[in-house]
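Alright, structures below, take your time with them.
The same subunit A turns up in both complexes below, where it pairs with subunit B and then with subunit C.
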Partner chain A sequence: MDLGFIADIVPEILEGLPTTIGLFLWSMLLSTVGGLLLALARMSAVGALRWFAVAYGWLIRGIPLLLIMFYVFFALPEFSRTFLLSPFWTAVAALSLWTAAYQAEAIRSGILAVDNGQYEAAEALGMTRAHYMRRIVLPQSVRIIVPPFMGNAINTLKQTSLATVITVPEMALITTRIISREFNALEPLLALAIIYLALTTLLVFGQAGLERAFRLKV
Partner chain B sequence: MAPLVRVQGLKKSFGDLQILNGIDLDVEPSEVVSIIGPSGSGKTTILRCINLLERADGGRIEVDGQVLCDEGPDGGIRFASKRDIRKIREEVGMVFQRFNLFPHMTALENVIEGPIAVKGMDKGAATERAHELLASVGLSHRADHYPLQMSGGQQQRVAIARALAMEPRLMLFDEVTSAVDPELAGEILLVMKHLAEQGMTMIVVTHEMGFAADVSDRVLFIDHGLVVEEGRASQVLGAPAEERTKAFLRAVLERAPMAEEGDDPDQLNEEPTWSSDPLAAEEAARDSAELARLRNEVAELRQQLFRSGTTRSEG
Partner chain C sequence: MGEFDIVWRSRAIFWNASWVTIQVFILSLILATAVGLGLALMRMSGFRILRWLSATFVWVFRGMPALVILFFSFFWLGNNLGWSPFQSAIIGLGASSAAYKAEIIRAGLLAVDRGQYEASEALGFTKAHYMRRIIIPQGIRVMIPNYISNSTLLLKSTSLAAVIGLTELTGRSRQLANSTFQPIEILTAAGVIYLVATSFLTLSQGYFERHFELKR
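Now for the complex of A and B:
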């Protein structure tokens, strides 16, 4: 193994870092909003919404992310040209759709952890449902949501590498280019692994920080 | 004077199970009405229908002149609008068996949340009022404690203060002492007794016959979703007319060990087992004289009850 060679290619792989992080942050933003809406739909009084949320989770969690990415990239534009997205936004869409299904479960478990008695107490005081959600549920559920939520975030970060297959120039794609140019897989793959490990480690520290911040003061 | 609460023909079923079969109940302002009855008879459901935590299937409920629900000409039930329901709920305070405090908020925060959010009170005024209320339930020094740091009795008193902070015209109590250690029930009952003396209108679902006899103006005995017997506390509890009421009271008296004649009433007055922290001890010292008085009263009532119960079952 040639450490000098690794030192040479790391900067080149890191040229893909902004794209990787862009994919990750956009997917996290959209999937968090989507996951929250799905969690609320799942607990809604409207049967059709509940049904949709359950079906969505079953479908998305039951098929490979790769398939979702191909579907958004190749199949959706056949229905309408409005779905014709750039590779980057295709990957963001697929990652968001996929992550949202998992975040919905994380968020729902947090909301369910607040017992119904508190809802009744809030109702009896005349609070609106929105106020109850914001002031009573959110502060209590955040600390329950953080661990599974961050676990999903780590997964999504790693899965951004799948965007390679639809030619998004993120770190994994750059690495495969280096491999075919240099006829050498060992060092480039090792370098890429180290970079992903560094990023996921950052997220693990972030999770620990969040858990400390939201610990129940008792 | 018009009744503050007027319930007519209240019906409710869960699935195939008919729980309330037409309950009539009028409560005058400042009146304290206790509801007693066997487990599953529908007592909780009545309270929940009165502040619309549960939607009745039939009948009419009016609180303070506002109609919560009524039967239309077609026989179907109609409810007040969401906005009106919220307004009515502001006027109706409810205290639950399991306290249902917000665990991420201190006692003070629990009390001020409603007035600020619902009544639009400013934080300073709400805080000032909350301190008064916490003092009135004997918990001024617990204002900054979280629910998990308090005993069941203290949590329930915070819950009462929280409900009172909305300045309700009517308070609903659902077996508020049954989830706390028996020796802590007294401190909750004491607060309720003070509240009754101040003229609060109250509907109290309770298994504490002594308290029902002591504090309520009127007692309703409910069974199978119907009012079986209703009248002054001394009449329903001391000289019940209905067989079912007698059987129920006899069962209750047998279950709870009663002070019998010749017993030393002092044995009911042993010091409550307070937690070991100094604040609680201080509080205990302050409350224990009042508590002892209430306990004596309850013990006496129990004896009276027991006497009338036994003569009745012999007769």
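Now for the complex of A and C:
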């Protein structure tokens, strides 16, 4: 093992970091919105919405992300040209569709954990349903949602590496190019592993920080 | 639509590719369970070095993408030791999953009441003996739900082997989608096969829970 060589290739791999982070942040943004909508649909009074949310979760969680990515990349444009996306946005779309199913579960379990007696109290105080959701339920459920939400975020960060297969130039793709150029796999892979470990460990610390920030102040 | 007869005409290809997926899944599941159990016991051992080794393994293998672990197993280990993509996939996916299995198994063993450990010791059981005969059989019941849902994750992860050139279900379907110019039909069929397999695994949870139920 050649430590100097690792130091040489880290900067080259880091050229893919903005793409990795871009995939991650866009997917987190879209999947959080999608997950919240799915969670609300799942708890809605309208049967069709509940049914859709359940079917969506079953479908997405039953299929490998890689296949979803191939589907968005190869099959969706066959339905309509409007779905013809660049590799980057294909990866964002697939990661968002996939993560949303898991975030919906995280958000729903947090909302369900808030005691129903509080709804009766809020109603007795004359609050509307929307007001009650926004001011009473969400602040309390955020605390419960943080751990599974951040667990999903860490998974999504790691799964951005799958964008390699549709030629998005993120860190894993750059690393495989270095491997074939240098005829050497160990050092480039160690460099890549160290970067991913640093990123996921950072997110774990972020989770601890969020849990502290949302802790009950009594 | 209406072109789904391509799926029926390709049924032999789907069957062969699914069989590769099933083999990779079962073999890497066995490897992950064995290594995960070893890691969980190391984590609970009296030796600090073993605890530290186990915790480090779990941190490192959960901290990087399964794809990167698969690259290590294929481009580095496999290349140096002459492994086929099939062997590399089993080792890589097994090692990646072992880190999660270790946490699930440990949580199950820790859920067994403290008094059971103390009673076993008071009765003069050796640690190896009471772990095997008293703690693990009780811990298994607690582990089942997490173990099964983690195994469906592993089943889906077998698709990553497509990246190292193994013609399992996802990789083969992608090739077929390109050569037939019918990606919608082919990829939908592959999705249905995965849905059936993952739903079957999820439903098997009830069976295992009954199987390991307390019999009085």
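The rule we apply is simple: the second predicted complex is superposed on the first by the 218 of 218 C-alpha atoms of A that agree within 3 Å, B and C clash if a C-alpha of one lies under 4 Å from a C-alpha of the other, contacts with A are read in each partner's own complex, and residues count from 1 in each chain.
The rule we apply is simple: a contact is a pair of C-beta atoms (placed from the backbone, for glycine too) under 8 Å apart; a residue touches a chain by one contact, two chains touch by 3 or more.
Quantities reported herein were computed from a predicted structural model and do not represent experimental measurements.
Colleague: Classify the contacts of A:His131 with the two partner chains as first (subunit B alone), second (subunit C alone), both, or neither.
Modeller: first
Colleague: With both complexes overlaid on chain A, does A:Ile21 touch subunit B (first), subunit C (second), both or neither?
Modeller: neither
Colleague: Look at A:Ile6 in the shared chain and tell me whether it touches subunit B only, subunit C only, both, or neither; answer first, second, both or neither.
Modeller: Neither subunit B nor subunit C is touched by A:Ile6.
Colleague: With the two structures laid over each other on chain A, which partner does A:Thr176 touch: subunit B (first), subunit C (second), both, or neither?
Modeller: In the superposition, A:Thr176 touches subunit C alone.
Colleague: Could you say whether A:Leu67 touches subunit B, subunit C, both of them, or neither, answering first, second, both or neither?
Modeller: Second partner only, subunit C.
Colleague: Which one hits more subunit A residues, subunit B or subunit C?
Modeller: Touched residues of subunit A are more numerous for C.
Colleague: Between subunit B (first) and subunit C (second), which does A:Leu30 come into contact with in this model arrangement: first, second, both, or neither?
Modeller: neither
Colleague: Could you say whether A:Ala75 touches subunit B, subunit C, both of them, or neither, answering first, second, both or neither?
Modeller: A:Ala75: touches subunit C, not subunit B.
Colleague: Residues of subunit A that sit at the subunit B interface in one complex and at the subunit C interface in the other, please.
Modeller: The answer is that subunit A has no such residue.
Colleague: Would you pull the subunit B residues touching subunit A in the complex into a rising list?
Modeller: 51, 53, 86-87, 89-90, 92-94, 96, 98, 100-104, 113-114, 117-118, 146, 148-149, 159, 162-163, 166
Colleague: List the residues on subunit C that touch subunit A in their complex, please.
Modeller: 59-60, 62-68, 71-72, 75-76, 79, 152, 156-160, 162-163, 170, 173-174, 177-178, 183-184, 187-188, 190-191, 194-195, 198-199
Colleague: Flag every residue of subunit A that touches subunit C in the complex, lowest number first.
Modeller: Residue list for subunit A touching subunit C: 58-59, 61-67, 70-71, 74-75, 78-79, 158-159, 161-162, 164-165, 172, 175-176, 179, 185-186, 189, 192-193, 196-197, 200-201.
Colleague: Enumerate the contact residues on subunit A facing subunit B in the complex.
Modeller: The contact residues of subunit A facing subunit B are 115, 117-118, 120-121, 123-128, 131, 135-136, 139-140, 216-218.
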